[in-house]
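So, here come the structures, one by one.
After this come two complexes, each holding subunit A, first together with subunit B and then together with subunit C.
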Partner chain A sequence: MKPRGSLSAFAERNGIPVTLYLLTCVGIWVFLLVLLPQVTMLDYSFRANLPPSKVGGPEDVYTLEHYRYFLLGSSANPDGWNALDIGVLVKTLVAALFVTLFDLAICYPVAFLLAKGVRGGGARLLILALIVPFWVNEILRAFAFRILFGATGVLNETGMMLGLWEAPIDFIGSDVALYAGLGYAYILLMIFPLYNAIESLDSNQLEAARDMGASWAQVHRRVVIPYAKPGIASGCTMVFMLSAGALAAPQILGGPSNLWFTQLVYQWFNSGGNWPRGSAYAIILLVVCVGFVMFMMRVFRVSIGAIGR
Partner chain B sequence: MTKEVGLSHVTVEFGDYTAVDDAHLTIAGGEFFSFLGPSGCGKTTILRCISGFQEPSYGKLLIGGRDMRGIGPNKRPTALIFQNLALFPLMSVAENIAFPLEVRGVGKKERRRRADELLELIALPGQGDKRVDALSGGQKQRVAIARALAVEPDILLLDEPLSALDLKLRQHMRTELRAIQKQVGLTFIYITHDQGEALTMSDRVAVMSRGKIQQVADPATVYNAPATGFVASFVGENNMFEGRIAAPAGPDGTAEVDLGLGARVRVQAAPGLGAGEAVQVFVRPEALEPGGTAPNRLTARLEKVEFEGAMRHLLLRAADGTALRVSQVNTGGDAGPGPDAPVELGFAPAQAIALPPSELARAG
Partner chain C sequence: MRGRLLTGGYLLLFFAYLFGPLVIMIGTAFNSAGFPRLSPWECFTTNWFGRLLADDRLLTGLGNSLLIGLGVVIVSTPIGLAAALMLSQVGAKLRATLYTIFIAPILVPGVVIGLSTLIFWDRVGGALDAGYDTLFYDGFFLTILGQVTFISAYSMLVFLSRLQRFDPTLTEAALDMGATPTQAFVKILLPFVAPAIGSAAVLAFLASMENYNTTVFTVVSESTFTTVLASKVRYGIDPSISAIAVIIVGLTLMAALTYEAAQQRTALAGRIAGNPVLRRLMHPAPVGLLLVVLAGVAVWGGSRVDSSACEAQVLEEKRALQEQYRTAPTPSSPAPDTPAAPRDGGAAPASPFSPGNLAPGGDGGEAPSPAAPASPFAPGNLAPGGGEESEAPASPFAPGNLAPGSD
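Up next, the complex of A and B:
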């Protein structure tokens, strides 16, 4: 083998078996687990919903019907727009954005404290305290939140016992439980990128800024936050994407009148029995989310490369 | 405007460890004052006390006569220059310099005007829009100074700011720092482990060891008349001999001392040292002279000659095993004595000092 290119150099250093193993793993990961399902989904989304007997027949043609349905609703729709589904998508995005900002507000102080405030053993203990609750599985955690926020839940019982309010507050119907559940589900994904970014900031810069007369608010605004921007972007992106794509928490914690866009996708796949339409809805969610994140990154002047750091 | 800084019996404890032990001194307004000592001697802790990042466990810190307890670093009339400078990498040079003004709510135009003025002072005119990364080490140094001067502090604190620079630049910056200090007339408090820096720039130096201030004096006094064995051995090179007082100091300030290596010499000594007391005698390598006519005589065997350009160092060993070092100005031609040759050395009483024994003293 001629020693040419980084791959052959790698093979020379580590041996052919290792190289083949790595190539296979990466290949399976990228092709089988990422690319193929998405491409299949994309393909599905442009197909008509046919019974199995008609698949491959003359009616099995590519169509924009499902995307048209998302925008305009059924052909019988009088007002022209599918206000319901578009509304659910917009509401999902706004809610996911809210969850992201909520998490950022909670996690920034924690990450800062973790990175610059506590030393040695204290930091390890704090990290442990953050991680251990996530050993409880997601569904269980969602139900625990439901119990906590329910009409006869701990929160209502305590509040009424203390005389803070008279009748039980409908935390679930007003989506408080949903936001709390979603917010809590992704705090680690927010804390760790923030922690990573802030941790590498030279502590002397904080002291220098303090020494030059900056208040703590100014230190954060001018020194810490600009420095941690890639970490903030990375955390926000993950939390936003995962919140917008969450299913279990909205299913369990969402109010009866409140639909998350993923629930629509789920309905089309399951009770609706319309896989192509479900696929189209999933693709719409993906594209809109990616577009929104790219737009926000443009607004805040973060490059995509910075997120990987 | 300048203000004096007073340390009134300042002690700083971290748990069981005493970082600063009863520091008591006054730094005059407009003075260039250095704290000199090896790492871990407590000099940085003193600096952090003055800047406000550390409160003394006991004692008081006064700036301009005012007790600073409870006053945060952002409220003190001090500006600190960090060892690694701590410039803000995401801001331009001008933004860095104007940062102290920005946080005080000074308008953008005025900030820029003041930044340009300071860039003029540090001889970097028109470089305000550069990124900090684009500057050389010495330029960054000067930007850090300009930033510290932006709000016209009363006291400038410098924590080994030259240690990251190479030798030539370091020497150049010494001169420059001193010139800037003269120009702005502020009190400079300088922390360093580099005696060269401390001696060349300072009006006065405080030599520290293990949390204790050993001596506060002008550079010449610190070098010529060290107060303790630690100062004698830490500042400059020194030969150290163990000995005992044979005759206490008379009115001329010199005492007779029997050296362990078997010679009786006459050296400077404090009057308090009585006959029979153990002492350490320090003689500078440049005070020892092969041959000559000085009254104090020692004999040693030459082991090695180190050639260092302008200077030449003879490494010798006395009969009892004591290592000696003699430094001579290189005058060219003369090759000096050959190896293994017995050499007779002389030194004047005025150039040697006997001090109470200190475990901190190490033979030069």
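Up next, the complex of A and C:
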């Protein structure tokens, strides 16, 4: 590929003003808004936490201190490992994975129905019904789950009225409310990629499989799911990344002793007053999540280009 | 037949999950109880809405959010369009790479985007020796930039799906007829993507309004609607938050129904064209107007609801119940599993005016047994029915009732 040649061809096709517009906008976005801030944060995460007056002074050197802290804890730590923070990270990843699988399980049937089961007006109405709850603010959605799952919440009151359990169950402390709330928040992000993938499947293939004597379970396992794999990967990636990176729902729905990794980042930034360490934690979160997603895509043989389609 | 029943049942469950929490939240907005809940139901009231209008912090935040949303729309829409146009022109290989780069900001956790934006501009400001009152430390500026970072990708997706249906021969024809590339762009391509500009703008605005993860870092000392809401929810919740939900859901439904009317009209265009009444009726303008009028009536009716009499009565009932506790320290408690209750009750007369002692089993430790209401003076417990110990919460004053389970 000849960059010079393709660029001039690009300019010729679009004319100078439009070319300038395209390059300026994309350049500002990719470099000024995405790349440079990320690089700065990476750089910052290797620096010592100094008051503004000492920045640029002799103490302003590169250090691995913050990453060391994440792994080993403070230097007075006897066990050798920072079990608390590492535990929070592992818990966050496992919980996000659980939320993702939960969403996949409940959304797949709906997406399939939407794509192949209902026609015309019904499908539009279903889509509308799916979208409306997601225009409600993220904070309010979490708040709704807090009302639902609280000790005096509807679920506890109903359960006790029916005699299913005696005392209020602590749904919030045991993180049930958090998982339900996170799963709820990203339903739409799971359904639409699935729907897009399944919708483009030729219905004749389904009929052919049925005619040949396949049961519905076989049809799904052998025909629909392999075909919809890019959509499944896309939905799962989005739900996983967004629930691992969620902050509002864990702050509102999380139990007081169960932290989400993003809350650690938030704490180092706000109450902790240690920006470089917050940056290091943010980088760790990003790298671990992206690494995990890449690994899963490699395992299931999907390309990253499938995301967002 | 069985399959159909199963499908219907599943959909029912699914939509119960989808709408149940919202319906319950909406219900709590009209209950006069100080803690958002449906039971015990005290009085139908609209006072929580009045409380909202008096909340200056929330209104300031709303104003800021609208400004930021506008800024985000203005910046992110052209960027999204540019990115989509660029993607539609490059070769397959470059396209895949670019697409990955462009889509990445959606997947990066919002916390990371917020942080990096804040740090980057802080460093730029520091390098330029700018004061803290300059743009680099301004909450509006930083929040707009931070949100644009990923909202541009949403806009790009909207434009991409529109551009997929664009016929490039149209542009070629225009060029062949002697138009300059700029003319072709302005006269052919822009009109074609115009509808998508609207949807991208709406999407960007909504995404900006509801964003929290990025905003909470970049907003610095300012506040937005969402950050005010979050701090309200985290530090003491009351039903006025549910009232916000009622307003938002109401607006959403109005917008959705108006949009649906517009869609139906295009779908049925052929059939209703001949019928002038139907044609007017299905027009989105009257549908929207009707909904606005209905909403107006609801607001007017709501503002006339006077729940003070009922609330006074509930308060009276609470007092009476309180009195009952005072005079009869061992109420009709079906507490077979609280041997402590009678003993504590027996100790109560020693100091009848100390409220804590009056609770049956009230000093039974931090984790109250199921049969013991933690504090009879908490309004929830005194509400009619609140005396039934098995339903009593650990402490209705604890926001969210985070107190550990009774065991």
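Keep in mind that, in the parts below, the second predicted complex is superposed on the first by the 291 of 309 C-alpha atoms of A that agree within 3 Å, B and C clash if a C-alpha of one lies under 4 Å from a C-alpha of the other, contacts with A are read in each partner's own complex, and residues count from 1 in each chain.
Please note the rule applied: contacts are C-beta pairs under 8 Å (C-beta built on N, C-alpha and C of every residue); 3 or more make two chains touch, one makes a residue touch a chain.
Keep in mind the model is a prediction, meaning the values are calculated, not measured.
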Joint occupancy of subunit A by subunit B and subunit C, clash or fit: fit
Subunit B versus subunit C as contact partner of A:141, first or second or both or neither: second
Subunit B versus subunit C as contact partner of A:213, first or second or both or neither: first
Where the C-alpha centre of subunit A sits as vertex, the angle toward subunit B and subunit C in the overlay (nearest 10 degrees): 100
Partner chain in contact with A:50 - subunit B first, subunit C second, else both or neither: neither
Contacts of A:157 with subunit B and subunit C, given as first, second, both or neither: second
Partner chain in contact with A:265 - subunit B first, subunit C second, else both or neither: second
Partner chain in contact with A:226 - subunit B first, subunit C second, else both or neither: first
Touched partner set for A:205, first subunit B, second subunit C, both or neither: first
In the superposition, subunit B vs subunit C on subunit A residues touched: C
Subunit C versus subunit B - closest C-alpha approach in the superposed model, Å: 10
Touching both subunit C and subunit B, counted on subunit A across the two superposed complexes: none
Complex contacts: residues of subunit C adjacent to subunit A: 3, 7, 10-11, 14-15, 17-22, 24-25, 28, 35-39, 78-79, 81-83, 85-86, 89, 91, 93-94, 96, 99-113, 115-117, 119-120, 123, 126, 145, 148-149, 152-153, 157, 180-182, 184-185, 206, 209-213, 216-217, 225-226, 229-230, 233-234, 237, 241-242, 244-245, 248-249, 252-253, 255-256, 260, 263, 267, 370, 380, 390-391, 393-394, 396, 400-407
Residue numbers on subunit B that touch subunit A, as the complex places them: 51-53, 72-75, 78-80, 82-84, 86, 88-91, 99-100, 102-104, 147-148, 150-151
Subunit A to subunit B touching residues, read off their complex: 202, 204-205, 207-215, 218, 222-223, 226-227
Interface residues, subunit A side, partner subunit C - complex: 1, 10, 12-18, 21-22, 24-26, 28-30, 33-34, 36-38, 40-41, 44, 52, 55, 106, 109-110, 113, 117, 121, 124, 128-133, 135-148, 150-154, 157, 160, 166-170, 172-173, 184, 187, 216, 237-238, 241-242, 244-248, 251-252, 255-256, 262, 265-266, 269, 275, 278-279, 282-283, 285-286, 289-290, 293, 303-305, 307-308
